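Supplied in structure tokens, the structure appears directly below.
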Amino acid sequence: MVSITVNLISGRTIQQGVAIESGKEKPSYREAAGIIEMDPSDLKKLGAWKNTNVRVSSDYGSVIVKAIEATQGPHPGLAFIPMGPWANQIVNPNTYSTGMPTFKGTPVKVEVSPNEKVLLGVELVQKSCFGDSS
Amino acid sequence: MSEYIIKNGHVFDPVQGIKGDKADVAIKNGKIVKDSEVSKSAKVIDAKGKTVMAGAVEIHAHIAGPKVNLGRIYRPEDKLFTCTPTHGHERMGSGNSIPSTFKTGYEYARMGYTTAMEAAMPPLFSRHTHEEIRDTPIIDEGAFPVFGNNWFVMEYLKNREVENTAAYIAWLLRATKGYAVKVVNPGGTEAWHWGLNCLTVNDPVPYFDITPAEIIKGLIDANEYLGLPHSMHIHPNNLGNPGNYTTTLDTLKIAQGIKPKNKFGREQVLHLTHTQFHSYKGTNWGDFESGAKEVMDYINKNKNITVDTGNVTLDETTTMTADGPFEHHLTELNHLKWANVDVEVETAAGVVPYIYSPNISVCAIQWAIGLELALYAKDPMRCFITTDHPNAGPFTRYPRVIKWLMSQRARETQINAFKHKDKVLSQTGIGAIDRELTLYEIAAMTRAGPAKSLGLSSMCGGLAPGMDADVVVYNINPEKPFENPDQIEAAFSRAACVFKSGVEVVKDGEIVSSGNKRTLWVNAKVNDNPQVMRDITEKFLKYYSVTQANYESLGHSFVPNPYALEVDATQ
Amino acid sequence: MSKKITDVICPFCGTLCDDIEVLVSDDGKKILEVYNACVIGTEKFMHSGAKDRITRPRMRQADGSWKEVSYDEAADYAAQVLAKAKKPLMYGWSSTNCEAQSMGNEIAEVARACVDNTAAVCHGTTLIAVQDIGLPSCTLGEIKNRADRVIFWGCNPAHAHPRHMSRYSIFPRGFFTVKGQMSRKLVVVDPRVTDTARMADVHLQVAQGQDYELLCALRVALKKEWLPDTVAGVPKEKIYEVAEILKSGRFGIIFFGMGVTQSLGKNHNIDEAIALTKDLNEYTKYSIMPMRGHYNVTGSGEVLAWQFGFPYSVDLTRGFPRYNPGDSSSIDLLNRGEIDAAFVIGSDPGAHFPISAVKHLAHVPLVCVDPHITPTSGVSKLHVPVAFNGVETGGSCYRMDNVPIDGRKVVDAPEGMLSDEEFLVMVRDRLKKIKGVA
Amino acid sequence: MQPSEVEKMETVTISMKNVPALYLEADNVSPDAFAGKTSAQIADLHVYEGNTTGKLGNYFEVSGNAGATAADTKIVVKGDVKRVKYIGMKMSAGEIVVEGSTDQYVGAWMKGGKITVKGNVEAFAATAMRGGELIIEGNAGNYLGAAYRGDWRGMSKGTIHVMGNAGSDVGMYMTGGEIVIDGNVDVHVATHAEGGRIIVKGNAKSKVGGQMVDGNIFIFGTIDIMMPGYKYVDTVEQEVAGTKAKFAHFIGDMGERHKTKKGQVIYGNLYTRV
């Protein structure tokens, strides 16, 4: 399975802002924040079509998100997942004793996994915390 | 309602001229009444062998507002290992040079202070100041909006339009629930918005081509035109620089010959604040010496001026003032962390920590200058004790300042403790003064004087029947002289008993009630002035970052217990 | 017919636009139209009328389903949780008004809890830097009237603060800046070519995580000292050029955001940026301002500071306020397993904390006060919906430059719903009764 | 410490008997607090778990009486104290030996005496140290020997020796004293330092000596990314911490303000082993 390593950052987007106000249990939130924006050159290296689901994993966890082409690029070697439960499955929680986790600058491995589903926001967090029961 | 009678205390009350003889003070329904009007069931407070005074009035302290809070936020080390677990009625608090709001109220009450004035409120942030005043228990408070660098004021006074300035002042006092006209480094702070400054009263302000002298004169006239309770309250240009006593005298001379016009019993037209920082002679920190004599001679001779001292208390503290350029100058001197907030259209502010070390000759001379001012003052009703909290030291040091003023021995012990004792004696006159202030004079300097200067002489600062029942009992027996001056400090630090508006709030130095504090503000009515209203609307459309409706609601919905002093300036 | 309410503040981001106008139905129940707000603000106002809104508290049952409870039962449960806990965490406070925050502080004091706001994952490191080196700043009107050099460092206002540029920083025509954006030079520093960077005169595409090095290089360039060929992926000629651009202005402003507060170096990045601002004040007039995210996180910092003395991460467990991010901050408390109960209000840690911290949050008794369904409410034991602050209740809010503005109530909350302040009063009274405090 | 003095020291041994559910704040575990007390009185000293106040005896088995003064009191801490904070805080004299690993604030604000930790320590060890000696045989956390938040007066005297690795922000705002780290360090070494000496035998990552005004840093291993504010001056041969080696000598931080003493500008010095 082909996989590439990129540096992950997360942050706000207008779509993410609108989605959190219209309800985080809705698919619109998944559309806005359950995505990873990658530079076209990285997508080519990965050999992935646009809008396919990928598994992104780091030393701290792994998550399924939809890979799309960078909307605010070019930024080769750098990937962007809007702030939200998907990004926070894999960001580096180390605070270096300042209280602030390292949301930006987490090395991640990206592999194509087209038949796995991107979960809804609330569902994703519930599953991580309580396993598959609820 | 609750009735009390404080019996057999030694009363010191400059308002009634009582100089320590035994008298009873009766309290009924929150007011002071004649002894006869109190029934037998009144609760007796035995003040035998103790001193009874009115509640003290703080005329100038930075205790509530955005720059005070910026000081709290950026000095966590000011609170390390100095907090004590809360107990009894008290809410939690912390902070040494900048106490949090609850602690501020408790510390003032413990020392017998019942009224305090926030010295500088940026009008755009007045809501913040009022929220902090709401959370400062027990003491009544008012706040002075700053006017000295306000675009409206500068544009009107450039053409000597005193009436328009007065109309704008009345509007702003109502919009921000303010109390008096405060002027900080007139013109200099507006110049600071471009990184510049005005160091004398004649330096023109960039782009506005008006001089500080014109701003000062104009605001005095506008203040008297309105007849506000307090006079114009000024922090002159060139603060804290050697040789600035000449700028101070130039500033005071602008008020020469102007008569006060008000129905609040105020007799001055200008209040010079933290005079210590403005009484420096010499040309640099090497030949820096005291100018207290020259400044105080002028003030003793001119009756239409009141001052407060701004005593240095030799602590590690935090300087904060609307004088932006001075704070930048200070951070270049001591390289400590510098915070600054320039406020659109109105003012600025700066915050820098400062350590007044007894081992540095400059700090020791500053200490001496502050005391000289009070000791040279002929009329204690016109010279008040402050530390410009927290600039020269925290207000919790007032008992220590009173100790230094009442005991030459205490002054000598401190002078001997200075590393550069010789320099202090040669550069200032503190060594030659043997005057020791009496309790009566201290009462004038901390109660009756500030109350009269603020136009509150009918309400507080005295024990005459009809006034608010703000009464303090100290464990001081005037007939038994103290062996050790530190007893003065101890007695003034923890009052035996404090009443605020007839409610007992402190007993043996412990807080027993949070009282029901008021926010004092001035509601001035003037002829309606469409031109000023048009100017205001235009400036909000073009230069402010908030809408006029949101600005005008700044002070309203947030003052739980307002007390308005009504002024009618309609001609 | 309908009535228009003007001068309304928008309760979403730190720009706190206060010129919003809302068209409301006559009976004051329904919002018909929102004017002047950006798309996020409009969505916040319109969503308050959504049909599928939760309007009653609900308690998580053993089988994972929700059971509706009354506000009284909810307040009892919350007070019990806070009373029993040895070290409860009261987190959030950024999307509620200052009155509710003040009430929350009183509860935290009685419960001897830890209080923290969303600065912990937003501008907490800025506050640490301010505590180390100060903050030469100004209000947004100053920038509108005077600024001719604007720097966006590690922030993307086009997405996070949509109307910031039109209301304050780039386009407005102020007293001294009558030519609007033509009288301003814009420099953007961001590892991506963000939509803000596309509008910039100069875009420094800094290598991610090396803002500290680039800031230090700018300070070195100001002093005309030697520089290595490239610093953080930026050639030294460009660094000297940008240093000249910064120095040549009359009034400069540096805005900074999550790009520097959340990357490697954390508080030191902002420390160096403030040091750069102080250096620039030797040549001309400069200020620096954090782009605060939530509309009232600044307010929470101010209330905590004037009541306890510290702006966030306050630990009251010993009966007096203590503070040290890294020890008393939420993420560390959660990751180290140091708390045994949590009360979340006006924020969504479930979505915005790293999952390791959220797992700890989910496995302690968790009360979530939030009008929306969120990941936090999804893993909480008790979910208490309250009225939308800024839409259905007013109250004091603080903008990113600490200017206080009064929120306005625009429309009534759904029948029978309490505001967060009313619910907090119920919790406080019950807690005081349990603890036997007057 | 002369041998004669060592015999005179009384030894108090505390060993963990029930580990706290949360974390235990044991700022009373210091020679200054134990001095002049019997083991029973020591067991009555307060310790804090969250907002509850308990007794040392509830968590530890206490044996042995303390010496008359702090100087002649030695404390040995046994058992699992990984969830115990503030051991040796503000101590002025005497000695503490922690046999395992412990949590934050070990020897914070200490003024004298000696602490030896056989295992690891977490963050904020030896905050704002004023004197004494701290030896950590395992790894140290972040902010080792750093100043408290907002304070410009960091560690001023004393020595710290970490045999393992250290975290980020070693010696922030340091003004004096010496820190030796045998292993590696994370980002930020001697940020804002105005004096003192830091010796790192292992590697450093980046942001070494940022905003440094004065003081010396020796890095025996590699630095991933050098600060642009450091200018190469020369290569010197020096003996440092018992090793004689050649070092590339850099001065900085050139972006920071620097004092001038007798006309000579004083810079911070960064030495990396060649």
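Each chain gets a letter, A, B, C and D, in the order it is written, and its residues are counted from 1.
Basically, a residue touches a chain if its C-beta (ideal position, glycine included) is under 8 Å from a C-beta of that chain, and two chains touch if they have at least 3 such contacts.
Keep in mind it's a predicted model, so treat the numbers as computed, not measured.
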item: Neighbouring chains shared between chain A and chain B, ordered by label; value: C, D
item: Nearest-to-centre chain - CA centroid comparison; value: C
item: Between chain A and chain D, centroid-to-centroid distance (C-alpha), Å; value: 39
item: Chain B and chain D, separation of their C-alpha mean positions in angstrom; value: 45
item: Interchain centroid distance [CA atoms averaged], chain A/chain C, Å; value: 22
item: Gap in Å, rounded to a whole number, between the CA centres of chain D and chain C; value: 35
item: Touching two or more other chains - residue numbers and ranges from chain C; value: 128, 131-132, 264, 316, 318-319, 323, 325-327
item: Per-residue overlap in chain D, given as positions that touch at least 2 other chains; value: 123-124, 142-143, 148-150, 152, 187
item: Residue list for chain B, restricted to those that touch at least two other chains; value: 74-76, 337
item: Complete list of chain pairs which touch one another; value: A-C, A-D, B-C, B-D, C-D
item: Residue numbers on chain A that touch chain C, as the complex places them; value: 7, 9, 11-14, 17-18, 20-25, 60-61, 70, 72-75, 78, 80, 83-85, 88-89, 91-93, 95-105, 121-126, 128-130, 133-134
item: Partner chain B, residues of chain D touching it in the complex; value: 148-152, 257
item: Residues on chain D engaged by chain C in the complex (per definition of touch); value: 21-23, 25, 48-52, 85, 104-105, 123-124, 142-143, 148-150, 152, 173, 187-188, 191-192, 206-207, 210-211, 225-229, 231, 253-256
item: List of chain D residues in touch with chain A within their complex; value: 123-124, 141-143, 167-169, 186-187
item: Chain B residues within the chain D interface of the complex; value: 74-78, 80, 335-337
